[in-house]
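Both of the next two complexes hold subunit A, though its partner changes from subunit B to subunit C.
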Partner chain A sequence: MKKIFLAVLAISTIALTSCSNDSKDDTTATGNGSLKLEFDNVYGAADLALNTEYTNSNGEKVKPNNVIYIISNVVLTKADGSTYTVPKSSSYFFVNETDEASTLITLPNIPAGDYTKVKFGIGVDQAQYDAGADGQGDLWTTAALPSLGMTWSWASGYKFVKFEGTVTSTTHTDAPYKVHTGKTGSIYNYAEATLDFPNNALVRTNITPQVHIMADVKKIIDGTTVINFEEGLDVMGGTKVQQIMANNVPTMFEAHHVHND
Partner chain B sequence: MRKILFFLLLSVATQAAVKDTIAKYHFSRYAILDDDDDCDACGCSASGGSMGFASMLNTNFVGVRYLNQQYKSSDGLYSNSAWYTENFNTLQLWARIPVLKNIQVSVLVPYHFHSRDTKTGNQRLEGFGDVTVLAMYRVYQTHRDSTIVTHTLQLGGGIKAPTGKFNETNSGSLNPSFQAGTGSWDYLLASEYILRRKQFGLNTTLNYIMKYENERAYRFGNQFNYAATLFYLHEKNSFSMAPQIGLAGEVYASNFQHGQELVNTSGDILFSKIGVEMGKDKWSFGVNTMLPIRQNLAGGNVQSQYRLAVNLNYSL
Partner chain C sequence: MKKILLLTAFLAIAGCSSDDDTEYQNLPIDYQVPSNFPPLVYDLSRNPLTEKGFELGKKIFYDGRLSSDGTISCGFCHIQSDAFTHHGHTFSHGVNDASGTRNAPPVQNMAYQSQFFWDGASDHIEMLSMAPISSEIEMNGNIIDIINMMKNDAKYKQLYQQAFPNAPIDAEHLLKALGQFMTVLTSSNSRFDKYRRGETGGALTVAELAGYSLFNAKCATCHATDLFTDNTFRNNGLTINPQINDVGRYRVTQIPQDKFKFKVPSLRNIEKTAPYMHDGRFFTLEAVLNHYQSGVGNTENLDPILNTNGTLGIALTTEEKAKIIAFLKTLTDEEFLTNPKFSEF
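And now, the complex of A and B:
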């Protein structure tokens, strides 16, 4: 009997002593990996469902049926403050609510490291637009696809955010509304957002972190600036678009959590 | 290699117990069912009925136990997130075997068959869980004849082997404890204190499970369990019955992945519990149910509904 007890002790000891190799974060991670940005559209706190009615702070009830925005110029920041800029040629993404695959952006060839935040643009930056029609590569033609419809005429440029649906308000019942943002005359209206990750995204050759970003599309029309569709069903230019891009769009994104699988 | 040693030990211990004739107690009558630790709402159901060792007082037995636990869980991402029902079922071989005069070894071999609803349909998980071996040493015991009130204090420790499968993909958004095992060698410390006066008794158990990082760099949070159970022993001829009532609670630390703390994985829960155990000759049957009094598991994204345990034991 004693032998058994000793055996238990011995095994416990072996197990205890040999199993405490906690592998801490490898701060000298080498090689390249990938990182995924998941854009999860929500309306306020609710998971966005198209053709579902939501009530805004001004009492207007909207049923969104089309939500598309351009994410561009992604820059990742490491814990040590150094940054990695995704090459401009492969840093434009159309996030389309009706195309689930488009909401998950995979960024390849990211140097291994612990990343703490991401910066990106909403829309197409002015430098890109100023490259002229010839400098667009296939970006313009992609944006112009009927399924996206993210362009105006060349002179008017790209649409940055498209938010369409129907609205029920004092004088309207399920009336179609359109919010299209982009360049307004000489004002370019490109917006940027910087999101801190709640925990580090650990890019490794064998770990592809996925950053779950909540994109609150309610804020497009019901943020610091509130859009009243009673004043017009189409919001496609002028001061309102400038205010949406300056005040509302930069605050609609939040890095909710990071999976390091 | 460790796994092989472990199973060798397991079989040796079992055989030894069968042959052992020194300590044939027949105290299964005032056995107390205690399954408070079987779930690991935020990391412990993974360890499967890890700590049922505390259930039997001075009892040496082999038995089977069935545990059913129901949870509702949500991804917690949205105000309109769906709540899904999770059913954790465990069939457990359990034994408490005397190896020396004051030392008993408990062995728990769980087999899990869990199921849950998900957005994409029903998901099932079936397989052996983590095997736990625990040694308890009787530090102090009052002689029964000499006093009205008797005390028994036992202290012990053990190991939980990663015989159950850990699946990283299940550790994501929904209840991360939807696992057959933690995937790690975990260690536990335990104490049991029993106070008895005539037919009444109070059993108090405390235990602490230290969990370690598994091969997938995931670590379930350490877990503290406590329980106090009041029981009454009724005996007549070869028949005995012990109704019991008590409180049980669990406190979980956060889970870690790649050394990073994961949000909404810590938590605590307090249960009420009520049960009865009946014995006839060498056999005993027990049933026990636990209902949550208050809970905050996984940031509120996991809610325990109830736990139910049924067991059939044979005294050695």
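And now, the complex of A and C:
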């Protein structure tokens, strides 16, 4: 379980103000507060521990050693249905299993209110790719940090999900595998997840709710689509990446509980 | 079809500023789409061209300090007099004498293209520079080090401030400046262009005109528009070099149908961009046309257009080939190749 503080990766410090379209909130709360999204990586029913062996449904045994993904374009929905969209220029976050700080994303300047769900993207969206460098600020520089290595330079873009480790299967023993997803040609492979909160997140000037999100990284390779490393140790394109992003990644997140304190 | 793009020409009233001025200098470049060109692909409204933006992009383009050993600039492999290709190099050599496996493509008329590199690794003029700057066999640059270098360089500090209003020195604006420089690298004043626009100096000979007709009949399906590409990926039947086994577009998509497909290149300044094909295997235009006449192989995913009921390639007589080559040489744009505005020194 990760608990540490904020790792806001402000992609650009341009002071774009919030794009809220709040109609009346159903509370009398006013002012702005913050909200935290905690990404707690798990592997199936167990907390994720790197370099630990887990067995997949196909019998392959994997030992993950690097798990990083981009969370982006966060939208929060209030009980009355109105939404708050985190400004795009500060809405790309790298969640890195080996950097606890990065697993707790603090979203500032959230209008006070009772929030019921969150929507976010995994990866970099088509609108951003279509905009070219515009609005990217330090995204490239951040992705290029040696600790992240999330540029996909041969494709002039970014890795959305990096899931690496070793695998033992019929013909492999602790062989290194790599799963990288991102835009492949004209296919954007951007995923989205919408999570209902089990209890409302009460953003107030003096309350910063923390949403505890379980991220089951097993589902990246062992979900609706099952990746068999026997068929290839590197998964970096083609239909497998499309299926991972379309079928598996959107289902790997669950809002487990919300702390309102 | 005429499409003209007029950039707001509020000519800077306070224009005559001294060189140590560190204020933003809004000196718009009045960029016009040549009337025989297809429309721009690049949305310039997100990155309006200015003199200082262009100047910054040019400085970046010719700066070897972007590479890991300080010697390989963009301009190292993209030389103006060769239409920004690497003349005579089948493959180019990057840092540490590393060698690539693909022929350096020209940098010209980039703002009209929707796909870049032989395999379409990028589809945005601003994003494409990430690849050669980062590639271990090209510049092997580290964007973090590059930005730090620029932040500690007085000339860069000044140029970034002059080029973009209230913008930091960062990767976004580095890429935008390169986008501006590449946009201005427009080749549109060949004899062919003048012929198409009915301008003085646009006379084509009988043989060149005959070549143009043949070209339209036999080549223009893929080499379409006055930019001579339809921006698609196709397998043109080159035999596969087993030592490289370049899978082309498949490298990007890993979709089997994309194997051995490469981007249809523009043919502008083709006389100056030898060697030809993605791997630079042909040194002359004659060799290229001989390939289409008799060298096309029925490799995986061969473009159907090159296979007529089992007959491969394009029917071409010796005389026809000579005429097509005469036409292709009218695409040479000396003004572009020698314009001092684009040159390193």
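By our rule, the second predicted complex is superposed on the first by the 229 of 261 C-alpha atoms of A that agree within 3 Å, B and C clash if a C-alpha of one lies under 4 Å from a C-alpha of the other, contacts with A are read in each partner's own complex, and residues count from 1 in each chain.
Just so it is clear, a residue touches a chain if its C-beta (ideal position, glycine included) is under 8 Å from a C-beta of that chain, and two chains touch if they have at least 3 such contacts.
These numbers were taken from a predicted model, which means no experiment stands behind them.
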item	value
Touched partner set for A:101, first subunit B, second subunit C, both or neither	neither
First, second, both or neither for A:132, with subunit B first and subunit C second	second
Subunit B versus subunit C as contact partner of A:145, first or second or both or neither	second
Residues on subunit A lying within both footprints (that of subunit B and that of subunit C)	12
Complex contact set, residues of subunit A against subunit B	1-2, 4-5, 7-8, 11-12, 14-16, 18-20, 22-25, 40, 42, 44-47, 198-200, 202, 207, 212, 214, 256-257, 259-261
Complex contacts: residues of subunit C adjacent to subunit A	46-47, 116, 120-131, 133-135, 142-144, 147, 168, 170-176, 179, 249, 251-255, 258
List of subunit B residues in touch with subunit A within their complex	2, 5-6, 9, 12-13, 16, 20, 22, 77-81, 99-100, 103, 105, 133, 135, 157-159, 168-169, 172, 184-185, 187, 212-213, 217, 257-263
Of subunit A, residues touching subunit C in the complex	12-13, 129-141, 144-145, 151, 153-157, 184-187, 236-241
